[in-house]
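Got a structure here, written out as structure tokens. Questions coming.
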Amino acid sequence: MKRRWIITTLFLFLGYMILNLTSVTAIAAEFPDYPVPEECLQQAQKEGKLHIYDWADWWPEEIYANFEKKFGITIVRDNFASDDEYVAKFKLNPNAPYDVTLPSARGMIQLKALGVLSKLNKAWIPNAVQYLPEENQKLIWFDPHNAYGIPTDSFFYGYAYNVKYVDSTDPRIGSWGFLYEENPYAGRITMLDEMFVVVGNALKYLGYSYNSDNEKELMEVRDLLMKQKSRVMAYDSWPKRLVLEQEAWLSNCWVGDSYFYHQELDSIRGCLPKEGTEFGVDPLVIPKGAPHPAAAHLFINYVMSPEVNTQLILGIGYTPNHKATREMVPQSFKDWPGTIIDEAYLQKCEVINEKALTGRGLEMRSKIWEELKR
Amino acid sequence: MKLRILFLRLISLVTYIFLWAPVIVIIVFSFSANKYGIKWDGFTWKWYAALLENDMVRETCLRSLVIALITVVVSTFLGTITAYGLYKLKFKGKQLLRTSILLPIVMPEVVTGAALLLFFIKLSPLQLGYTTIIIAHIVFSTPLAVFVILGRMQRIDWSWEEASMDLGATRLSTFRRVIGPLLMPGIAGAAALIFPWSFDDFVITYFVSGIGNTTLPIYVFSQLRHGSTPVINVIGTLFTVITLIGLLATKMAEKRSRTARL
Amino acid sequence: MTRSNNQAPYAVELINITKRFGKITAVNDISFAIPQGEIFALLGPSGCGKTTLLRMIAGFEKQNSGDIRIQGEVVNNIPPNKRECNLVFQQMALFPHMSVAANVAFGLVERKRPRPEIKQKVQEMLDVVNLVGMEERFPHQLSGGQKQRVALARSLALNPKVLLLDEPLAALDRKLRKEMQGELRRIQREVGITFLYVTHDQKVALSLSDRMGVMRDGKIMQIGTPLEIYETPQTRFVAGFIGSCNIFSGRVLSKNGNGMRFEDQYGHSLCVPDCKLTDKDLVRGISVHPEMIEILPPHLAGSAEKSDNLLRGKITDVFYQGDFTELTIKIPETDCRVTVHLSRSKDCRVPLKQGGEVVLRWDACHSNILRD
Amino acid sequence: MATTAESRLAESSRVQTASPETSGEREMKRRHRFQVATYLGPIMFVQVLFVLAPLSFILMFSVLKTGPYGNIVFELTLENYRNLLDTGYATVFFKSIYYALQTNFVCILLSYPLAYYIARYGGRWKASLLLLIVIPSWTAYIIRLYALKTILGSNGLINNFLIDLGVIQLPIQFLYTSYAVSAGLVYTWLPFMVLPLYAALEGLDSSLWEAAKDLGATPVRRFFRVTLPLTRGGLLAGTLLVFIPSLGDWLVPHLLGGSKFMMAGTLVAHKFTAAGDIPGGSCLAAALAFVLLLLIYFVIRFGGRESLEQAL
């Protein structure tokens, strides 16, 4: 009896000990050939830790591992699986003590509106200042001059299809219509499980604004989606397995995903619909009250160095934002539809804005979505 | 008569197959060379090797283990004294208390999780983290312990307690020497119920976890999103095997102690 | 087993004890005392408050008012585990997870006695209850009588100032009960500890105790030696409970030389011995033990002596009981029924059949006076 | 001085005995209160602080407003409750209740024979047979759901098996249908039905069956007139243990239903996250809790609290 208690207590104690030991001791860094502001580095190393809140299983693990090794700073990561989850976290807890977070444009807009973001110290992130292109910045209405967030990449929506099963001569390929309208692939279609995306792209297909809050237009979208639902196999934001196992033949996805499907399965093709779509960026932002602000800046600067950013882009397959990365990616990557965007296509795209995110627009979208999932 | 037993056997067999099929799939595919762990592509040990190298699995696993252990200890203790009080004492508002103890069990986990989250961040000085996870787990599992142990108490002859006091034992010593050992099956049963629950809980933990305390189920969930990786199958296999071994060991120990006594 | 000489004369004293459970009064202003070294039996029907009384002495219930003294010391505020009296439970309450030896040693271990002493004491106690060699058994491996002995040994091991026994023999079968009664007496003589024995079985109480008290509805009706209680019950409850006596209500008409003339409610005139201490107005009835009544054929009724009581009646029921035969006899034209126990050795000149006419006869000195 | 104190003492003791509450009674009450506080104080503390307070917190939030970006505006409104009635949440609720009932029903159909078999014919294998039911549920829930996905998929085991047998030519779509959701729910919660049912059946005295048989009841009548009524407690407990979690389930419709429809639990989670409407979500959670409490009330009312608690 007594012995059992001792063992239990010991176990508990041991457990806590090991939990506390998991942090790796700092390794002195050899410094890379890109500019690192001395003051930032010193403060960051004093802080010694970095709390990151980002997408689960997305960015290549080496990016974090190399950063830890290089600067001797321990990274603690928590993950979210959707913008909604991300926003909800901050809405419920505006003081969530993260240093760097990686929302998408929508998440950043909402966080900024909630007033939880802090302004970046540009002097500490020379890489970002140097390599970010001007043209995107006009579109990113919510953050002029990248004052609050540094976009690490851009994203567009499209779809992937499997030529083994899908008739690749169908003239509608290249348009959202192929996905949204009647086609012979009922039960083999997956849609993203994202309200704004599914509704917004349907609006684009019908020739309206991605951010429309017009009741008539949205009602049309509703009818389109309700009709489409009978053909949809699943609303799944991560249909990778379904696509690669060839259970799903036509799959709504981020452009970068189709590139990776193709790497693994030859018969997968990608499509960037001609009607245009949402143009978004994935910015790194620093919440107010971040406990390790210098480490956060150090990390952003690190991610925006050409080598690391190229490593990132090739790891996620998204559209590079970074001037140098655009040159450094291999030709095969550049050739995939949607990875490098020309100015003309960009004009057809829209950045999400408050018309969709608030008031009538949000209400209508929620209603459509809830009705769709009923 | 014969036909009826046959029918019962058939349904039982089907149910057992239904319950075990996914587990067997997990175990078999943990040895499959298939990259997504969903097909048989030849035998391999490589996912087991991969698990050894995966820090995240080790960390989250340990974390879940510690949380589950603390939860078990605290909630069985709390459950025991509560069950004792509920069983032995009469007072006003007892029915109300019993009903309110039932609440966490009957609330959907989503509601409990959301309520606790709102409460922790808006009203309590606690930072989201181990403490909040453990509190949430205790809140949920104590009622389970209370009712399991209460069930056991109904089977105890309470003159044992009086006999012990009568023979000069204090309340504490009575509990340690008499009531405690007799309640043990109930307490162990409660622990056996709570431990796997706490270790496996996703919903409540998902709501109340803070920074850097991703537990195993949450990690597994985020990994599985992108298609199941075989490493997850390995984790599942290991748990099943460890549970089985643990159970067998207890059984053997029980048997031996029983024979030793005779 | 030597006890100190300067002990109080009484092992247990109860002084005006009252216990209420809500509105129900379980024990109503009871006072009595038990001298050292006595077996005292508390007899009463279930629900009369005897177990409550016992539990109050043991300390499991607290009286609403009154004092309990154990060897002269007031123990009202002493918790059960500090009182020097031990209780043997009706269900025995042996700890199922402990061996016989561990059960017996339980209280000694609690008192932190040194190991050798405990061992010796356990052996001694097992010897007293005739259980040597059973040390390593577990309660579920014992028979009812053996369990009883273990329970006894467990309580005696602590050398209590008084041992409280709560119907410990109720669960045993007849033969075993009888055997254990003898054992209890023997053990009590051997250890010299005061026993307070609670039971609803009048036979056990009569045969076991030195003195006994009869309880009803939270009150003590009568205290005395078994002989006194059996022979001269003072109330009809005691008379009925102790020996299924025949009871005749009525009053005393007159006193004469041989005794008193008593008339019962049906107008029968009966002869009652004159008790010097009894004022005739206090006599409310008489009781007669069924085994004291003789049966005569109707024609022999005239041969009775003056002091004899005679009643005519008809046999309504005959119950053969083995060592005796129980007859129910109805006195014609009244509701009065008399029970008679006919021992086998007594020769009976009447055919024992239903409807047979008989004369009942008993000696006046076997009529006992009741005061209620 | 001393004498006055003494006399006062004597007086006070006299008053004590004269008053209806004697010192013994008072002492008893004090001890009783102390015991209640020791044994039940901790759980009361936990209950008040971490159960009742958060739940009332939810109630409080449910009457607040949502700002344009989902921030909470501290302004009282009943709009959320009005929305509850006219935005079709009722449909979701009814649908979830339907699914939960269906799950429950299938669980009973599967568990009753199983529990009956173990209880009556299990013999010395009883404990092992029960463990075989419990062990699968000790492997992480999410992993098992994914394995179920693997089994049900159109390239999955069942379809391959059927195709190999030649029963079907083309795979049947199981996954992402309502059947998959039902299967998932049944799969997850089945053990929680078997265990209380087993406990109830095990507690039945077999002489009852014999008595019923002796009185000439046919097996069917025997079941409906003796066995079923006597296991009502287990059945009710199982029903609660299955019904409640399946009503609030979040992951099963998400993983196995392809997010094509929501159950009550999904809806609450959706409101808290995607829709970003915390007051709205709180309101839905409160409504869900209310529905469940109503259910529990009826179960306790008609089934008896004891049977429920015992089966737990």
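Structural remarks
Just so it is clear, A, B, C and D label the chains in written order, and each chain counts residues from 1 on its own.
Here, contacts are C-beta pairs under 8 Å (C-beta built on N, C-alpha and C of every residue); 3 or more make two chains touch, one makes a residue touch a chain.
All of these numbers come straight from a predicted model, not from anything done at the bench.
Steps from chain A to chain C, minimised over paths through touching chains, total 2.
The chains in contact with chain B as well as with chain D are A, C. Among the other chains, the CA centroid farthest from that of chain A is the one of C. Distance between chain centres (mean CA atoms), chain B to chain C: 56 Å.
Chain A and chain B have centres, each the mean of its CA atoms, that are 36 Å apart. Each of residues 92, 245 in chain A touches at least two other chains.
Residue positions of chain B touching 2 or more other chains: 38, 118, 181, 221, 228. Per the contact rule defined earlier, chains pair up in contact as A-B, A-D, B-C, B-D, C-D. Here chain C touches chain D in the complex through residues 62-65, 76-77, going by the rule given at the top. Chain D meets chain A in the complex at residues 68-72, 87-89, 91-92, 95, 153-155, 173, 175-176, 257-262, 266-267, 270, 272-278. The touching residues of chain A, when paired with chain B in their complex, are 1, 8, 11-12, 15-16, 18-19, 22, 51, 53, 56-57, 76-79, 81, 92-93, 95-98, 237-238, 240-241, 244-245.
Interface of chain B with chain C (complex): residues 157, 159-160, 162-170, 173, 177-178, 181-182, 261. Residues 36, 38, 55, 59, 62-63, 65-66, 69-70, 73, 117-118, 121, 127-128, 176, 181, 209, 211-212, 214, 221-223, 225-228 of chain B are the ones that touch chain A when the two sit in their complex.
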